[in-house]
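By written order: A, B, C and D. Residues from 1 in each chain.
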Amino acid sequence: MANKINLNADMGESYGAFKMGDDEGLLKIVRSANIACGFHAGDANVMHQVVVRAKQEGVSIGAHPGFNDLWGFGRRRIDMAPRDAEYAVVYQIGALQAMARYAGLKPTHAKAHGMLYTMAAEDLELALAIGRAIKTVDPDLIYVVLPDSEMERAAERLGLKLAREGFIDRMYNDNGNLVSRKMPGAVIGDPQVAAERAVRMALDGEIVAASGKRLKRRVETLCVHGDEPAAIAVATAARRALEAAGVAVVTLPELVNA
Amino acid sequence: MANKINLNADMGESYGAFKMGDDEGLLKIVRSANIACGFHAGDANVMHQVVVRAKQEGVSIGAHPGFNDLWGFGRRRIDMAPRDAEYAVVYQIGALQAMARYAGLKPTHAKAHGMLYTMAAEDLELALAIGRAIKTVDPDLIYVVLPDSEMERAAERLGLKLAREGFIDRMYNDNGNLVSRKMPGAVIGDPQVAAERAVRMALDGEIVAASGKRLKRRVETLCVHGDEPAAIAVATAARRALEAAGVAVVTLPELVNA
Amino acid sequence: MANKINLNADMGESYGAFKMGDDEGLLKIVRSANIACGFHAGDANVMHQVVVRAKQEGVSIGAHPGFNDLWGFGRRRIDMAPRDAEYAVVYQIGALQAMARYAGLKPTHAKAHGMLYTMAAEDLELALAIGRAIKTVDPDLIYVVLPDSEMERAAERLGLKLAREGFIDRMYNDNGNLVSRKMPGAVIGDPQVAAERAVRMALDGEIVAASGKRLKRRVETLCVHGDEPAAIAVATAARRALEAAGVAVVTLPELVNA
Amino acid sequence: MANKINLNADMGESYGAFKMGDDEGLLKIVRSANIACGFHAGDANVMHQVVVRAKQEGVSIGAHPGFNDLWGFGRRRIDMAPRDAEYAVVYQIGALQAMARYAGLKPTHAKAHGMLYTMAAEDLELALAIGRAIKTVDPDLIYVVLPDSEMERAAERLGLKLAREGFIDRMYNDNGNLVSRKMPGAVIGDPQVAAERAVRMALDGEIVAASGKRLKRRVETLCVHGDEPAAIAVATAARRALEAAGVAVVTLPELVNA
């Protein structure tokens, strides 16, 4: 039974004049920020803003690399050669490392975005490519993975630190993968439902799939999606419920490097 | 009278299926590579390829950040706020730093590309923005500048290492700026003419402007443009002529950090 | 004294997952829609949606071409050769013409976006380039112009139909150009102030500049910017005030082709 | 036995400063041009240039729409909703229709590019989406299809004119699909081999697969890829061999609308 856990959110997903998500609100609730790096979303300006504010809020930062598909927001399945994906991930992590110097911060984790994450969970070659990218840029980075997926296997094989992730605002298939966003009900917008799922994941290491099936999944970090309308309410409810249940909500390096 | 000088070339300017320049040929001739970082040109794949080959050839590497204008190849004048430019340059240098780890290399210089370079030569605010970017990411980076320009002033004001640059394949105006590429004769394609200019710049610190006027300009590095058809011939002729004149052609850090 | 006028708004400026403006709300208030065409903003999906809804609301449609600068939302000054701008405008109008077939509509006007509009107002060559683009694609298209600008002169010289435009939510300089968005107070968010300005423009052909100076400007169409937070409130107040003052609010072709 | 056939090539695939293929050379050999429309490659400038030169050479033009994936040159498999693909194709055809007005031409065919073509050959929904796009924009457009594919079925179901295509410079699988470019030998660079295949396709309606298997495939148009190094040699050899065999090489509308 976990007495501490991490709460993370994707952010920095605005692009130029296009605004996405409420980074400011999320930074006051979560403890780790996955920062978009300019491929599926994000730009140098918003990266700068997020790293500076993350520092002020004591939030740890990580790279959130995605496919080079701004229009599709990194959510379209793209058949990318693992080597190409690896280099694209290195590039994106490096960009964030440089931006983080404005805040005197170092990225401490990396989490693939959207369809890159989904595909890497099922494709060992892609998962290894992301892992090699992490190892090349900074072998101390924590590889955020879907539990019991090819990403977890890749992190282990490469000897990388890892954090297993649960999604408190997403439904799961029986195999532990996320239900596609194209399906109705895939995203959970009710803060209380999400909060209960968060506590269950933290305390019981258990995720309830869409079918009702209980999946045993140990998780070290819980994710809230910053671009959903209910993001702030969901994150707030989850944090309160976790703390009420005696689970401390800490940054990823506090948890993993402890 | 200089007994050594640097020869640099822009490279890594291919993009996906679009090929640009003969990086392989240039890497055997020049001693420093300005590597495009994905904004005006370049991508993670070509960056990877160039850093690996640069290492093998003993060529020092630097970032070649440009405007986020792939279509215009960074050559269109864009009115960009200095802060926006600064962050964009930090992002690009960081991306290269990460890619360079594949070769165990560190970028040792930064040189703005195309219109960003041209505008920064005349605009102190923009030149300072680029300088602050360099200082933020790695204060040891050498800022490559047009001699007697706002870039040179910015580098001095910020206490940065600098290298003054001469263009052996471009015509100059009387004020020491480059003749616009839109003007006929702006680009020098004759290897012998370029080689003679190179020697004159190195030995006499002198550039002959389009009008015939002689400009006194001390330069530590000479540039060949990699995307010109005559690039290889120009670079080869320049290197031979320099060495025949007793000028050693060395990497930028060998020259500046000596 | 005008007894009818057009009310237009920029729309279709979302891009993939990035949402911009309240097209649905605006389509119920304005009578003409300037639809972004995928360069500074917009994509085929949102174009489709807007043309279908415009048809249902009886709103006339026009192309809203901009610079190929998604990151800058077409608001950065870009030095683009007039011929390049011309072809880019032809391309964008053509794309909208095709999308409009889904609604059985034809675009009836063209209005340059953002900095392309601002620059064309002051640069006859650029204004003529946009005019030639219009003439090439469909010589019946109405060229929306800033009154007494180079755009108005270009439209006249090319024998194009034109509509002079007033901005009810933007401040003016004494020369009749818009105050830059970079200046405080450039955008008017108070619906009542905007509504009064609308009536004054319609009834008196008069615009009050930031300095208080009164500019005589005959206008046939009034613009509300769809991406401003107050857009719906401003448009609603303006339409009510115009109708209360006895000015009918009609589509651009109803007005110009009458 | 065919006594006439069409020869087509993809062109207009340059992008800004990035040059691709030898459009000028191809326009003197082939009779129909598939013009990239700015998504996977191409821009308004190169579209203008190609339509003007096509007119002078008597070459018929068609749209060559692709995925919005410039970096991947439209060759990466992207999971795009059929409706999204449909609108993207409408947009691209419309852009070309407008550009074609400079030459007084109308596009007379449409041919999907790269992976969009490959996927539509196997996916009826996607093939129908492209067909609906064609029908929406101009129901007289000829839909260029892989013979015996879902594209052919889609064209028939929608009542569209069609032209079945053979690739003289690509190897085939036994099922009549193209061997992936990732496989060695997928592209045929030997002009004589390509020319013989062209004649066999034209006279015998027969394609020899990589395995040696003979596939009966009636084709009305033969394709040469403009971005291959041997494109000009291959196209020249094919045209000569066809004419020597008594097969007239004509434009697509001459063939299909005859």
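For this structure, a couple of remarks:
Keep in mind that, in the parts below, contacts are C-beta pairs under 8 Å (C-beta built on N, C-alpha and C of every residue); 3 or more make two chains touch, one makes a residue touch a chain.
Because the structure is predicted, anything quoted here is derived from the model rather than measured.
Between the contact lists of chain C and chain D, the overlap consists of A, B. More contacting C-beta pairs link the chains of B-D than the other of the two pairs B-D and B-C.
Between chain B and chain D the centroid-to-centroid distance comes to 41 Å (mean Cα coordinates, whole Å).
Chain centres here are Cα averages; for chain B and chain C they lie 42 Å apart. The set of chain C residues touching two or more other chains comprises 71-72. Chain contact topology: the protein chains form a complete graph, every chain touching every other one. Within the complex formed with chain A, the residues of chain C that make contact are 15-20, 41, 43, 70-73, 75, 227. For chain D in complex with chain C, the residues that touch the partner chain are 38, 44-45, 47-48, 83-84, 87-88, 90-99, 101-102, 136-137. Residue ranges on chain B touching chain C, taken from their complex, read 68-69, 71-72, 76-80.
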